[in-house]
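Notes follow once the structure below has been shown.
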Amino acid sequence: MSATRYTYLGPAGTFTEAALRTLPEAGTRELVPLASVPAVLDAVRAGEAAGAFVPVENSVEGAVTATSDELATGKPLMIYREVLLPIAFALLVRPGTELTDIKTVTSHPVAQPQVRRWLAANLPDARWESAASNADGARLVQEGRHDGAFAGAFAAPIYGLDVLVDDIHDAENATTRFVLVGRPGRVSSPTGADKTSMVVWLPDDHPGALLELLQEFAVRGVNLMRIESRPTGEGLGNYCFLIDCEGHLSERRVSEALMGLKRICPQVRFLGSYPRADHSTPTPQRPGTRDEDFSTASDWLSRCLDGRGEL
Amino acid sequence: MSATRYTYLGPAGTFTEAALRTLPEAGTRELVPLASVPAVLDAVRAGEAAGAFVPVENSVEGAVTATSDELATGKPLMIYREVLLPIAFALLVRPGTELTDIKTVTSHPVAQPQVRRWLAANLPDARWESAASNADGARLVQEGRHDGAFAGAFAAPIYGLDVLVDDIHDAENATTRFVLVGRPGRVSSPTGADKTSMVVWLPDDHPGALLELLQEFAVRGVNLMRIESRPTGEGLGNYCFLIDCEGHLSERRVSEALMGLKRICPQVRFLGSYPRADHSTPTPQRPGTRDEDFSTASDWLSRCLDGRGEL
Amino acid sequence: MSATRYTYLGPAGTFTEAALRTLPEAGTRELVPLASVPAVLDAVRAGEAAGAFVPVENSVEGAVTATSDELATGKPLMIYREVLLPIAFALLVRPGTELTDIKTVTSHPVAQPQVRRWLAANLPDARWESAASNADGARLVQEGRHDGAFAGAFAAPIYGLDVLVDDIHDAENATTRFVLVGRPGRVSSPTGADKTSMVVWLPDDHPGALLELLQEFAVRGVNLMRIESRPTGEGLGNYCFLIDCEGHLSERRVSEALMGLKRICPQVRFLGSYPRADHSTPTPQRPGTRDEDFSTASDWLSRCLDGRGEL
Amino acid sequence: MSATRYTYLGPAGTFTEAALRTLPEAGTRELVPLASVPAVLDAVRAGEAAGAFVPVENSVEGAVTATSDELATGKPLMIYREVLLPIAFALLVRPGTELTDIKTVTSHPVAQPQVRRWLAANLPDARWESAASNADGARLVQEGRHDGAFAGAFAAPIYGLDVLVDDIHDAENATTRFVLVGRPGRVSSPTGADKTSMVVWLPDDHPGALLELLQEFAVRGVNLMRIESRPTGEGLGNYCFLIDCEGHLSERRVSEALMGLKRICPQVRFLGSYPRADHSTPTPQRPGTRDEDFSTASDWLSRCLDGRGEL
């Protein structure tokens, strides 16, 4: 039954599954791996699943553009949750393999830049062969087609492999961000540490439009957390922007900024307001931008219209 | 009875009275000249008059600071109407006086820079003596104490004088702006070509505060028509700003801008929304800033909160 | 001989003279009081004096518009020094006069708002009569035409009067700012705590021009200290702005901002860079806006043109 | 010999080679295909080639992040030329194959979204199998492993294939942008229609930094053509920006903007100024931003320092 089913970008045994399993409700859901981001999301669009779990960006590799493009221009979906997963690779081998036995290593191409320095230092002569996913790389090692696979340590038991080396990551703080996506629905209540995602198309032929867009946020004291440009498909030089900002749509500073965008941009797609997964404290709000400041100003305005602004 | 009484900056026979008489209702009001801007306004504050008519600024001399300061920091009043009066002086003389007879001329000090070039060309040897008002200058000529007075031609019959030369004005388009002020009350309906006046105090010790203030207008496409700085009385370097902008408080672009100011500034005083007296067409509104754009955005936002933003 | 002569706004015995005498060189100059700001400045323009000393603004009354207009649109002059003088009035009387004897008081009209509350509390029944200057008020008391004059205590001996009450000032920190003006010449060296004055005309028919003007300062981290609008004389709604900013024209942040104004505005008049008279520490400079930051960036740019930007 | 060698992202027969061959000098160069963007660029870094030709962005797929990251954080290189190539696919088959014979099609994964709608309409049952490149797909068809390959029509003769259908492209105006990259060197002369590329790192923990960055361009009237965010590798939420703007580094508006960035950002990498490959007219320059406006302002400033600003 779809209400208890979550699809995710498979196969099983990848970091995506590991991230998904950090969600409390994952234990009571049927978790279904699918082969591509569009497939994962289409299952939700078609009503075959209640949620879809996909990677959004990686601190080393950047945006997962398949996710960006589906969210920006595919049939509308909304983000309800985000998960941050620190990424560290294990080198998985068949039992008995030693470091000196390793002639070929494999993993998803995205893993390569994250282990390049470790390889240069520890296996300078090993040949890299890309696999379709980290888990698929593990399977290829299981089948004897490669000697070592970079994957999450959690993939080892699935494929009957051993963890020869753990915690490999060239970059400190390598993290992947995932989102739980569903059909559009009521935005859940603010938690006090939320973020809001949207896609914004700029007005045509209007130099300075990006600056005006950012000023809609700035004038209301809303900090941007991320901005990603994507082509609109209408020829080079035409971009839309996926934007994450601090705050929740039910906060006045955020809603007024979004209405500002809606007024000046040809198209704005709201992608959701949801709890921030980082545990850093949100930037302190600029004075005058809390909801009570908006209420006070609104009350004052009503009084002004009646000639009682000074009371 | 106060409901039919308007006070104005006297004495009778000045440009202020002439401007006041351009208001349709002036014919049915008791018009009372008083000696100073504070006196004129205090009569309204005390309930002794329904309206007070005072000059605000002159295109040659600038702001009438007594009016600015009363409106900014006196007991609250509101502006309900503005009048623009082209200023051209007549040279008033006792019957029989010729140009060559004129040894001394007089008028209010404000008149002097507006007739200086005419004097240099036509009466280079005449001595200037300041009077308390243009009308008072006419009286002094009537009494024989000076030979010529610069005043409105309308003052001639009042003082038994002749208009020797008419339409004297060094600057083209010399104009004085007057306002009709009343006790705070309900803002009248927008006419489609309105302006809104306010006083804004900047946050302390915040370089860039003036820029932020102007951005509250700019981001909503509201054009400024005038900005005047006045000392707050709390020491050099502390200013408040009297601002006139296009539009009416009941327009969303204007009300949102004012609420923005209210949120970031320690004090904002709304001085009124009233019809523009110039007959120039208002600057076309920037796309996305009309009331229907605000409504559309607001409807969209409500739908977003329900997950129906894309409908 | 003109090189040792300074003119100032007279008569003798006013705050202007007192302020002028705080300048170290005043002791070796011939100090000549003249009757009006234009007269004081014209003496310098004509080469009859080396310096002219005039009030610019008062923390209670605001700008001295005669000075503003002369500096903005008169034959060019430059500011070389500023003086701040705390304003406190003494009540001067003929020897033997007691408070209860005082029926009429006098002074320059500008003094009235600064002593109004004191009068209400101490001499509620005294009648106010304006004089042409504070010193002139003292003279009228000396002649027996009024009973008390508000003036600087330093005026008492000049007119044979006694100081009946000292240190009268309704507003705390009432201060007048004066400038020493000369014919245009080489800007003196920066002292580390300077200010720069200018007059800027906005481009025609360009809503948002004032905002763009302020951004030329903001983007280079230059704080404004004062902005005063004055009519251009070309009809209501046309203003120029007298601006004081932090810093010296020889600092790169300031010179680049002024060149930016020069490029976008139809007219900019530089009025001088000179030491700040307040003893408050200048606002700390924003990182990246010191002269060495400009030099570093300029060196980098030269290297970029040669393909050595990364060295 | 390296001076006549250009490397490019291979294999031969791809759009990259076709784009490279549009450069006039390509006919006299040894063109060497290499397997990856890093390999292509490293050959230039090592002095083994004079130029490297790589894709930068595609109007459907967006940025080629391997190129972005190499240019942003690899050993410094500079861009000397750009090429825009309209992308239209041919369906290549073995001679004799008809549309109804096609069971499997192949190409580089990037091609898939660009032919998806064509496939759905014309070969709804064909199975897609990704290949390492478009040219590699053609080779797989030659070898009989797939029935049709989407590639440039120019690849047909190389692999002994026929063009069954030409000019397939879901999106109108699908275009790929390529750059010719070399070791850092002197920037070539402006042509009047140039662009400038750079990478900018934002100051830490500074909400609003992106806005300030854009204002450095806006205040000098420099239009942005593209902005791409890339992770810095220092954890989620840390981005650098690859920016293309109108104009040439030798233009004052551009150089002043870049120096502004250099002053406020912890790191700026200049990537080159080079002729625009699009034939659209550059946006007209904002008044006051041409080189002669900068010269005029600079001359005026020198005169101001000497007291001759008004001459």
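Each chain carries a letter (A, B, C and D) given by its place in the written order, and its residues are counted from 1.
Convention: a residue touches a chain if its C-beta (ideal position, glycine included) is under 8 Å from a C-beta of that chain, and two chains touch if they have at least 3 such contacts.
Worth saying up front: this structure is predicted, and the values here are computed from it rather than measured.
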item	value
Touching chain B and also chain C, the following chains	none
Chain centre separation in whole Å, for chain D relative to chain C (CA means)	57
Whole-Å gap between the CA centroids of chain A and chain D	26
Shared-contact residues (touching 2 or more other chains) in chain D	215, 218
Overall pattern in which the protein chains touch one another (line/ring/star/complete/other)	ring
Full enumeration of touching chain pairs	A-B, A-D, B-C, C-D
Chain A residues within the chain D interface of the complex	57-62, 65, 84, 113, 171-175, 177, 207-208, 210-211, 214-215, 218, 223-231, 233-239, 278, 283
In the complex, chain B residues that touch chain A	76, 78, 183-187, 212, 215-216, 218-220, 249-250, 255-256, 258-260, 262-264, 268-270, 287-289, 293-294, 296-298, 300-301, 304-310
